[in-house]
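Pasting the structures here.
One chain, chain A, appears in both complexes that follow, with chain B as partner in the first and chain C in the second.
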Partner chain A sequence: MLDASKVKIAEDFSKMISNKKIGVFLFLSIALSIFCGECIAAGSEKSGVMETVLKWFPLIFTGFLLNLLVSVASMTIGTIAGVFLGITQMSQIWAFKKIARLLTQFFRNSPWLVLVFYTILVIPFEIKLFHYVVPFPSWIKATIGLSLPVMANMSEIVRGGVQSVPIGQWESAESLAFSRFKTMWLIIIPQCFKRMIPPWMNLYAILTTASPLISLVGINDALTLTRAALEAEGGRIDLLLPMYASLLIMFFIYCYPIAVWTVRLEKRYAEKI
Partner chain B sequence: MISYEPFISLRDVHKSFDDVEVLKGISMDVAKGEAVCVIGPSGSGKSTLLRCINALVPITSGSIKVKSIEVNDPKLNKIELRKTVGMVFQQYNLFPHKTALQNIMMAPIQVLGQNKEEVQERAYKLMAKVRLEGKEHFYPGQLSGGQQQRVAIARSLAMMPEAMLFDEVTGALDPETKKEVLLTIQELAEEGMTCIVVSHEMGFAREVSNCVYFTDHGVIVEFGPPDEFFKNPKDPRTKEFLSQIL
Partner chain C sequence: MEAVWDWFLWLYKEYGINLSVFYDSFDRKLFFRGFLNTIWISAVCVICSIILGIIGAWVQGSKSRAIRQSVYWYIQFFRNTPPLIQLYFFYFALSNLLPKIPNADGVLAPPLSNFAWAVISFSFFAAAFNVEIFRAGIEAVPFSTIEAAESLGYSRLRSYLNIILPLAFRISLPALNNNLVNLMKTTTLAYGIAVPELMYVSAQIWSDQANVREMMNLLLILYIGLVAVLIYGMDKLEIKLRIPGYNIGA
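Coming up: the complex of A and B.
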């Protein structure tokens, strides 16, 4: 099953590359930025643009891996917290319901960057537990910051999914003496699970593209390293576009297959319903 | 077969949804082993009545007694009540992610904590009882409406209830598949299962039930044994309803 889906991703990816429109677009954008760079560089005796971009690529790529680590980690935290928050939104206990709704709305309507700044400032850089000192590096704090809006959006995905299950399912479960808790976990969630996957993947793609926000709090992610590389090259104007273009392409190559796969899943589930 | 101690007893039951009073003082007695049909125009409160009996909706005032359980009690043991009274719905409401057999086995195992092997054996027997041998591992989506409804009946029976409530169970079925479902209910009634059937099936009401109740606008207009009820309806509203439907 897993292997099959991996094969599918690979197929999607090769299709994406072979897709004419996108291939042409990618090629043109790279060519244009390099051409611009080479034109500007032509008059001077500096090293070629392409050469410089490739020289820095391994370093920037390690930063990109940090972006992925942060996005995967905050997605994991946000998803788990969001499922519980989403279910609490439908609690029969008035206070729980209100608090869950408030938290969801608050974090859903807050700018992600501000939330990242906030957690960086609020969480101390180390915590003393008895005699041990647990360090809290910035990237972990940023991960927590990003997981807050993910949690809130996940909460809404869960609420929407649960509410898409017909009320009759609740009634028949109740008439069979199922408790609300068991109805939710054994009957309702398994039914809406599939329907929640596409919006969840969408959320992940959005999170990944938003992950360079962490560069603003001094984390050595792909964007920070790109800027550092540009600085190290003495702020050459001819490098600006090609360097940022290579960064964009890294994200695009990672996120586009997710988008394609999401659309495919959406179509497949839409047919079944 | 019928004893005169009422098994289900309603006294002056009122139910309002916000400002709308749906049940305006319903009283009825159903003896153990009796099969009762409730007929009446749509919106007359028939479905609400059934939902009140197994506490899916709380009543506004009055008393509903099932066996020795008072339903209109804040300390009501809902599990006890729902073990005693099973309910089947118009829209079947099978769990679509489970096979027919799993649908039947789920509540006894998950709610009552019964032994899996015993429950499975009972589930196979129930599938045979509703004439669906061989369909045990089909998902609800692979079954016809009538077949799904019979699985739903088997699912309720798996809790070994002493009474069954049927809420327009043939309402969504075509005439062909209706028959199979009605036959299953008829067999249950003949075996002595206490049944309350809300239905538009007059033939079924006449042949199977011990007593027919006609409700309109939240009250019981008239009731009596089916022969009497269909031949000599007394209230003009009953007459009008029967003339429209027969």
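Coming up: the complex of A and C.
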């Protein structure tokens, strides 16, 4: 269904892509990497640096796709769990509220690497249910590990969003005899949905930049494959800068448009108040 | 003190909970050194990133468009790339570009240790967020105050240091608190370049003793404790810095 707001968002996105800043930075990044490569290759007699980087690029890109898969999967799990945890944080049953608050504060203040290690080392590599064997490859365990802090941050976003709805809405709902559940689902949540989108996108950007953590637990993501490629090339020092720089540029090209879009959405939603 | 360590040994023998960092003196010293290293690296990174953030926020108000654009690209670069890959870039790629000097053993080695590169990388990473936070604080200072400073003959630098920055700092304290907590959690990434901080020594200990679960739980409790201490300190700072009649979000 194509309505006015969705068309506007699409227009926004296409305007952003043709934005001068993005054009400038794409040009600069490509120019910089070519320049670096030529400078370093000019003095060396081994195979050119740019050729080597381009030779390894397809493999490293598949690792990058695994990074993206992990980030999207753990964002999904974390968002769903976080919304429920956030709503529980505002429950009227004291025990639920306290437990939800405790879980949120616990997972918010733990280092993400420690949580990833925790899930990798503590979750078994397969679970036997009757005669079904459910395998748990490492990347799924890492996804669960990364979704825990996402869940806690999402719960805080939800709590902040719900608390930003004017108290008049709650009072009107009460005067119209809405039950607590109906008030939440029919009145409050639809209103704060838009306000929660920029922090949610910000959280996704943070998660994507945290996804290379999974390389420290031995999963073959972009960073592990880059290091393996450097080893395969015999540890050449002149390759270090271009390979790591190309990895940084890959992540930058993915995350920068999201950041620009987030700022634009924030500005647009801020006007409507 | 021996009684305390013996109790942990009893705990291991009786219930199988292996907290070797308490009863074994080697593990104990290693773990304690890692704990101190974590506190040290966090403290240095916090201070450096605040200083860099203050400098960056001032540079952002510069008249030259080129300088403002460079600060913008610096912030976007450090915010949109993974901190772990930034750390590896600094430690492996940039470190090899520096000239090698003889170290204490007379071997030619890069001049900065892995600890120094971790501090540099994390400071720049956190400073990128701090520049944004201080900029938001600076924009919240009433323009009439800045005009008054200008009319009294304050130069741009003097008015920034004496008038704008104290007010902006107080306004941005909650967001800064959040960012410093994130910085403290990010210091665990130094595990990747073998800095002997808490995460790394715990990994060494659980490889030796096969007590992963206990060490993980202990790590979580310790990190949350450190974060709690930081938050408590920042809250106390916020109360101490309060200006009467200027309470933000009181």
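In this section, the second predicted complex is superposed on the first by the 228 of 273 C-alpha atoms of A that agree within 3 Å, B and C clash if a C-alpha of one lies under 4 Å from a C-alpha of the other, contacts with A are read in each partner's own complex, and residues count from 1 in each chain.
In this section, contacts are C-beta pairs under 8 Å (C-beta built on N, C-alpha and C of every residue); 3 or more make two chains touch, one makes a residue touch a chain.
As the structure is a computational prediction, the values presented were derived from the model and not from experiment.
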item	value
Chain B versus chain C as contact partner of A:S29, first or second or both or neither	neither
First (chain B), second (chain C), both or neither touched by A:Q191	first
Which partner, chain B or chain C, touches more chain A residues	C
Touching partner for A:N220 - first (chain B), second (chain C), both, neither	neither
Contacts of A:V122 with chain B and chain C, given as first, second, both or neither	second
Touched partner set for A:S91, first chain B, second chain C, both or neither	neither
Chain C - residues contacting chain A, complex	73, 76-77, 79-86, 88-89, 92-94, 96-97, 181, 185-186, 188-189, 191-192, 199, 203, 212-213, 216, 219-220, 223-224, 227-228
Parts of chain B lying in touch with chain A, wherever the complex brings them together	54, 56, 78-79, 82-83, 86-87, 89, 91, 93-97, 106-107, 110-112, 152, 155-156, 159
Chain B-touching residues of chain A, taken from the complex the two chains share	166, 168-169, 171-179, 182, 186-187, 190-191
Touching residues (chain side chain A, partner chain C) in the complex	25, 106, 109-114, 117-118, 121-122, 205, 208-213, 215-216, 223, 237, 240-241, 243-245, 247-248, 251-252, 255-256, 259
